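Single-structure report; data block below.
Per-chain residue numbering starts at 1, and chain names A, B and C are given in the order in which the chains are listed.
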Amino acid sequence: MVSQETPAKRSTAKIQVRGLNFYYGPRQALYDISLGIAEKKITALIGPSGCGKSTFLRTLNRMHELVRQARAEGQLLLDGEDIMSMDVTRLRRRVGMVFQKSNPFPKTIFENVAYGLRVNGYPKGRPLADLVEASLKRAALWDEVKDSLHKSAYALSGGQQQRLCIARALAVNPEVLLLDEPCSALDPIATAKIEELLFALRESCTIVIVTHNMQQAARVADYTGFFLMGRLVEFDETKVVFTRPRRRETEDYITGRFG
Amino acid sequence: MNRPFFMRKLVNALMLSLCGVCALVSVSVLFIILGYLLWNGGRFLTWTFLTRLPTPVGEPGGGMANAIVGSGKVLLLAALTGVPVGFVGGIYLAEFGGRVFPFLVRYTADLLNGVPSIVMGIFAYTVVVLPMHHFSTLAGGLALGAMLIPIVLRSTEEFLRAVPQSLREGALALGASKSRAIATVVIPAGFQGIATGILLALARVAGETAPLIFTSANNRFWSRGWNQPTATLPVMIWTYASSAYEDWHRQAWAAGLILLMLVLVANAGARLILARRTSVAR
Amino acid sequence: MATPPLVIDQLHAAGRGGRVRAFIERLRSGDEIAHLITLVFAASIFLLTVLLVYELYVNCALPRHKFGWGFFFSRTWDPVFENFGALPFIYGTVVTSLVALLIAVPMGVGAAIFLAELAPPHLSDALTFVIELLAAVPSVIFGVLGIFVLVPILRSQVEPFLKATLGFLPFFQGPIYGIGYLAASVVLAIMIVPFVLSISREVLLAVPREEREAALALGATRWEATWKVVVPYARAGIFGSVCLALARALGETMAVTMVIGNEPKISASLFAPGYSMAAVIANEFAEATGDLHVQALIELGLVLFVLTMIINALARLLILLTTKQGTAHP
């Protein structure tokens, strides 16, 4: 077993993964993945498409259970607690997720952000409107939408929709935020805004981001993991991965020789 | 292909124009029907016709108020019984189903949809009229309700399937349970389509005559209750059109116009809403 | 790798316990309950179907025992002496449906070819919209137009013409009433054209573009490409649409009742009045005297049910095979 736990020390790991194997029916998609996700840092997962990085991300809040015949084996710990046997709704409240394609609900902007709060309940004594406002501010969207809170979320631009989805995820105050290629459908300006946002969020949140864009990983991430054909080939501090990769495959990938 | 080129061109032109003629004839039927009904029915459509009870043959000024209300009551019963069953069953097919069982449900629904409506009438007769020993509004409503189930089931399923998977994921990722996500995100997202589907289904059974003849039967007066027979527009049209009296024929035309208008407006409205919805979504 | 056995044991324990816990969790969140409730509603369609068959079967026990298979071969229908045979009705239903198909299939397929292959998309969509509205017209309306518009035309124009030109055939002989098999067939044809048309159009549109382009590139005329390449490619689906239309025609009640003449006789001439299964049920059920009469009518209903079920099942399968979207989703 290759130990890949070096960068994030056990003591500071928010999520600890050990020996994760993943299957879609008879087909194995992940092989013996072990790593630790550092608390209040940004961890980026890179690799060619189909390498299993999104699958891995989805097991972290058990979204893989939506896929028929999908099966994960291994140990996944969130603050030392077993993810697989945790109450799934509580898990997803603690570990939020933002998807590749923005998916606002066909409701108003306000109702979109309030959704998670309504579902999970929210602290008494603070009006819902305050919580919604706070989330929109954290997602740096407040100034753009404060006058149109009760308009349909579909009226927003693509980048705004994606930030709305981030605000929606932030509303329930998750400890970990998973982002699955959140910028793949956005233009460079909207992408830059989201990257800025991630930097700001690092103060309060542990972030895991899957990206096919290596520059993005190099810009935002503290740690980077490189996936290839279902295996975690390399995992280290971002600057190490990008400047002194230990594995030949990693070097080939980041220098653009394949993938 | 070794016929002379000229012949082939000729056959081509001939057959293609024949196809055009077929299309023209098929489409014009609707306008012919509309034209006849407007001409023959419109002349006799008066306010008293809508608000008065039928009069004995020969006595002028009769109306169909009881049949219009009766149709409404039968449809209401049908909607109350058929729509919930079809709607909830459709949710199962779209959101929960496995593989084999939903396939069987779908196939059965499609077969049931093809059962002649008169057979549905016999069914309602045996399960409601026979035990009660008399015709009733209730029996007519249940006959139409049974017809609604497969239609509503399939249309609900289709519109729920059209809701993007990403919305379900979004709700689940926020910690919503599956049933909560369905109730608060998936169904609202598909609601407009589902509602128009239900409207189409209602419009379809609203014109049914055969299942009502020996369930809700007919009544020359106001129906005195849900367990009493009632007049309905389609059955009245049939009775009056098949009669030998000029006056009743005129009333049949007028009632036909009302029924056709109700059905066509509901239908066209629902289809236009659906068409606009899909074009916006793309 | 210090304590591998322990880790594995823990995993197994978590797996089994996890499954139970996951179930309790789903139960608490309402998911299992919602699943169960919706399942029951969906399954009720089987209940409905089974109950339907059961009721029809049980409620025609009297004629089944009294007449046996002879019910289907006897030409007598005599409520007064309680002697019932279904043959005239089966004959009327089958003849009117087949003649209706003879008219409606070329018409519907021709129109579908026009809409799918020739018409510009906008026109095609608009015309399809009209056709769908035509399919929504209640059958009793077709009956009214049949009685007051179609029958007079048949009586004064069409049938005398047919008698004069094709009178040597047994189908076009005998006295002309207007009402009768031909009137019922024409009304049925008009009613089922929309079904043939809209499904055929869909099936034709599902034929891959390359198929027709290949034929055109080889120098075929538009018609040759359509008739020799596109239509054969779609023939199973078109056949399916014809079956669906046939099932409709067999079960169609009101319009037929109003124009077929309602006489339980068997005649070769299409001008003669006849009767169909659905029509006799509609006319006699409410006023039937005696249980045997009612049950004989119910047995006719059962026959109708079984016939349409078989044809529908076949049609759905065929459409499923060609468009892959008929009944079942993958």
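The criterion applied here is as follows: a residue touches a chain if its C-beta (ideal position, glycine included) is under 8 Å from a C-beta of that chain, and two chains touch if they have at least 3 such contacts.
Quantities reported herein were computed from a predicted structural model and do not represent experimental measurements.
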Between subunit A and subunit B, the fewest steps along chains that touch one another: 1
Chain nearest the overall Cα centroid: B
Farthest chain relative to subunit C (centres taken as mean CA coordinates): A
CA centroid of subunit A to CA centroid of subunit B, Å: 49
Separation of subunit B from subunit C, taking each centre as the mean of its C-alpha atoms, in whole Å: 16
Cα-centroid distance, subunit A relative to subunit C, in whole angstrom: 53
Shared-contact residues (touching 2 or more other chains) in subunit B: 177, 180
Multi-chain contact sites of subunit C, meaning residues that touch two or more partners: 29
Residues of subunit A engaged with two or more neighbouring chains: 89
Complex contact set, residues of subunit B against subunit A: 164, 166-177, 180, 184-185, 188-189
Complex contact set, residues of subunit B against subunit C: 1, 8-9, 11-12, 15-16, 18-23, 25-27, 29-30, 33, 36-37, 40, 84-85, 88-93, 95-97, 102-112, 114-123, 125-127, 130, 135, 146, 149-150, 153, 161, 177-180, 182, 203-204, 206-210, 213-214, 217, 234, 237-238, 241-242, 249, 252-253, 256, 259-260, 263-264, 267-268, 271
Contact set on subunit A toward subunit B in their complex: 61, 63, 66, 89-90, 92-93, 96-97, 99, 101, 103-107, 115-116, 118-120, 165, 168-169, 172
Residue ranges of subunit C in contact with subunit B within the complex: 26, 29-31, 33-35, 37-39, 41-46, 48-49, 51-52, 55-56, 59, 106-108, 110-111, 113-115, 118-119, 127, 129-134, 136-145, 147-149, 190, 193-194, 197, 219-224, 227, 244, 247-248, 250-254, 257-258, 278, 281-282, 285-286, 297-298, 301, 304-305, 308-309, 312-313, 316, 326-329
